[in-house]
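Chain lettering (A, B, C and D) follows the sequence in which the chains are written, and residue indices restart at 1 in each chain.
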Amino acid sequence: MWDWRSQPLTVPSVIAMLIGAVVILLLALGVVTYTIYVQRRILGWMQLRIGPNRVGPLGLFQTIADVLKLLIKEDVVPAKADRALFMLAPIIAFVPSFTVMAVIPFSAHNVFTANLGIGVLFYLALSAITIHGVMLAGWASNNKYALIGGMRSAAQMLSYEIPLGLSLVGVVLMAGSLNLNDIVLAQQHAGLWNVIPQILGFIVFLIASTAELNRTPFDLPEAESELVAGYHVEYTGFRFAFFMLTEYMYLFAMAGLCATLFLGGWSGPLLPGWLWFAIKVFLYIFFQFWLQATLPRFRVDQLMTFSWKVLLPLALVNLVLTGVVKAIW
Amino acid sequence: MIGFLKGLSVTLRQLPKKKVTLQYPDVKPEWPERFRGVHRFIPELCIACNQCARICPTSCISLSGERDENKKMKIHTFDINFDICILCDLCTEVCPTEAVLMSDTFEMAKYSRDDLYLDMHWLHDNQLKYEQAHPDRFERARGEAD
Amino acid sequence: MSLIDEKDQVRTEEMLLNLGPQHPSTHGVLRLLVKINGETITDVEPVIGYLHRGTEKLAEDLQYTQIIPYTDRLDYLAAMLNNYALCHTIEQAMDLEVPERAEYLRVIVMEMQRVASHLMFIGAYLLDLGAMSPFLYVFADREQIVQLFNEICGARLTYNYMRVGGVKWDAPPGWLEKVADFVQYLKQKFHMYDELITGNEIFLARTRGIGRFDTETALAYGLSGINLRSTGYPWDLRRKKPYSIYDRFDFDIPVGQNGDCFDRYYLHLLEIKESLRIVEQALKSIPSSGPVLGKVPKMIRVPAGEYYSGIEGARGELGFYIVSEGKDKPYRLKIRKPSFINLQLLPELLRGQSIANVIAILGAVDIVLGEVDA
Amino acid sequence: MSEDREHRTPPKGPEGKEPSVTAAERPKPVSKPAAASGAAVKPAPPKKAPPPPDPRVEAAKAKAEEIRKFIDQQLSTEAVVETGAAHIHPMLLIRKEDWVAVVELLKRSDAYQLNYLECMAGTDYPNYIEVVVYLQSTELGHFICLKTRTDREQAEIPSLCAVHPGANWEEREIYDLLGVTFTGHPDLRRIMLDDDFKGHPLRKDYSAWEA
């Protein structure tokens, strides 16, 4: 019943799909909740602080308390804002972030995962939709800081989409498939994770994905020391929570993508597949927080230059190299 | 590229280090002896000389005294307006009898400005609290006096 | 025929961006009215006065001793230096002798204060640039200085420690040893700051060559302190017009080369080293005992006349100008506020820059609004 | 304005007791910068009631006189109204009309190069408002005090902005708090107080309740 990919579309399989979606949603929410907790803890420890430790044992309920607080807060819509767009924007931003979870293979048996033939493309295409939400939020707020933040976001995400996409092409070439499951299987089959043959692509991916996620040192759209909070400066309560959720959902999704494409996904010796996957995802997420604790922020023009003049050529070089190697073998 | 990696190693090295956070409401800070918190006041010592009120840069002290049967000045009222007191310590510096001193009471948030007018009784209670909290300091002072 | 050969053929609307007074990077309540054309700043107008408390007017009704706590509140990151600047001017005016031990204690706390203030700059500046951790590291280090001050004078921020003719308290037992320990501790901390910040490529890219000005401009605008020294001009009042006992110590005046934001950051770090050197020497040669308050009349009356003297504050030349009628209160007290004067150059620095540099340049000018607005 | 000098209340300290022109030809000027910069080194000064003249003050006066000569020579006007010493620094009282010319001359002159405006302050006296600048030569070490005076009712002084751009905000502050109009200032607005604030708080007759 759970392996609906090979079954015809029947009522039980539709129900199974629905249940699957709900389970993934809950899983993702749980992961996001504790990603935030882990982030605050790791940042705290790296900064000689303790981090959240008040709500629940070891502060484990801190994020839940925060979310509850956000939920019961007043929902403020600025008087001069474009009301309809203002309300729509968080949803436009959030929905794709959850949808991309559909293609990430969490474990060896692909539980609840769509075995899409064009998984990589699907991910890239959907994640690009979020940019609209972010830009609309900036525009609809009718606030200069939000507008600048939204514009910066759009510019940044668009420019980094390209090196990000190109860095993935190398992996796709290696596996000969856009299907994420197949890519994992190919790595397992080769006995070598893509991170080694595709080291250049991996570096480009790491940098471009950091920028794509708007995380330090590329966190310009919400640079609080310049733009106060960027595109979500006017958002409060539940709508604000949606943006935060989007951000961390993408962090999880990008970590999953990284693990799948470069670190062999769920494959690994001894431990069960889902645990391997979890470890790899955690490593990526930890790396992001580590960067956040260390680095200052790029300037916006340097950020653009970096994408077009450094990352894009690197990604192309990687692509050509992979093609040549692939052709010779 | 090297500098960036060095930075990463610095932050990673901090992970296991001892944390400096003081868990404030659970753990109260240890104030040194000279700490200038809210005043404490010993009415028996006060000779109502008015020096503290005069030196106060913000004029937050007001006091009145009366002569007792031995023609000695006795303090009658002594109020400090903590709305404007800047805890500069000048009043304790000029006090000839050390009747007004600083304590280590520092939590002064109140819901009403009226509550910030501290009278002689409050300040004396503060003195008693201080004595209780730091018996060692008083013992030492007594030892020095002997 | 080109369609866009003339500049104003592509028209963009000029935007007025209101930075502050509650913006997180204005370090207080500074408000900048920034006019931007696309990404380029065409004009900046700093609006100040949100924290104006009229210290100069208040001082006219206060006895000299009573003014000292008010100076704590000017540059609240370097209150010891403010205390000293006022006491120093009064002592000059009255020709007072300050006991040896008091002078040494003053130098020790002043240099420690400079270290605390500079550390704070480094943290705040990196926070402006988006790096979070240095802020917390410097706070942990600064906290130790603040604790030491708390032990010697009973307050953590508004010290009110100096008096005309000396200092209020002698150091408590063991305090000097603690200072010596701290100096050793901080010296070992330097390579951490160097590794974390100075070598970071992103930091360099954001500060090298940004916000440059030359010595001539700096002098014309009356800049002082690190802002002036970053242009390579070794103007430090501790050397140029030695006050207190600074002529007894061996220390260097680090200067920058380019007058850019990076130089200003790096000078803060170098000056911390020099200050620690001074503290070390002072700890070695401080007399083991002696009075800490000179022979001062009970009521301080400055002889009639006018007096000005400046010291090297944490942010530049901090001076007090006193006009006295010979009474116990000044007739007029004017403060030469280094932040206030340094801030004047900001519109010049920002004009023509891209909006992305505003925070980097503003942060490096290093202002404290308590002092700017006085 | 110079008539006002007779009935001002705050006497001018050491130099106030002196006749305005004294001991001009003392061969001190060369050593003066050293004295000025060594001001803080405590040269065991004389104390108490009938004081022998402080050598630092004497030197300052001599130096002021010397600068006066220089200004007379260069500007050939009665630009300098009075010389003396502000504590231990040479002091020259300049006629309002020549204020900018004198400051500019001293800045450009090779002999003085007073290129750094260290402090600028305005003071409200009963009969006039006085603006003081302390000028420093960063190369030669001269440190002098220049003053000018203006009427209280129609307080107006030429602006130094063109000579020392750093005077810009200082003049705005004096305008704001003392009500002195600086003619020729590029942007003379209130700086500390609101634009619609009434009165000038640093004036001695200001009252927050009357305004």
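As a working rule, a residue touches a chain if its C-beta (ideal position, glycine included) is under 8 Å from a C-beta of that chain, and two chains touch if they have at least 3 such contacts.
Computed from a predicted model, the values in this text were never measured in an experiment.
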*Counting C-beta pairs in contact, which comes out ahead: C-D or A-B?*
C-D
_Distance between chain A and chain B based on Cα centroids, please, to the nearest Å._
53
*Let me have the rounded angstrom distance from the C-alpha centre of chain C over to the C-alpha centre of chain D, please.*
26
*Report the inter-chain centroid distance for chain A and chain C in whole angstrom, where each centroid is the mean of the CA atoms.*
43
*Enumerate the residues of chain A that touch no fewer than two other chains.*
46-49, 293-295
*Would you give the residues of chain C that are in contact with at least 2 other chains, written as numbers and ranges?*
133, 137, 140, 196, 200, 202
*Junction residues of chain D, two or more chains touched*: none
*asked:* For this structure, enumerate the chain pairs that meet the touch criterion.
replied: A-B, A-C, B-C, C-D
_Interface residues, chain C side, partner chain A - complex_ = 15, 17-18, 23-25, 39, 126-133, 136-137, 140, 196, 200, 202-203, 205-206, 354, 356-360
*Going by the contact rule at the top, pick out the chain C residues touching chain D in the complex.*
48-49, 52, 54, 56-57, 88, 92-93, 95, 97, 219-223, 233, 235, 240-244, 247, 303-310, 317, 319, 321, 323-326, 331-332, 334, 336, 340-341, 343-344, 373-374
*Touch list for chain B against partner chain C, complex*: 1-4, 6-7, 9-11, 14, 20, 31-36, 55-57, 86-90, 93, 102
*chain C partner contacts - residues on chain A that touch it in the complex*: 43, 46-49, 144, 216-217, 219, 223-226, 228, 292-302
*asked:* Under the stated contact criterion, what part of chain B meets chain A in this complex?
replied: 4, 7-8, 10-12, 14-15, 17-21, 23
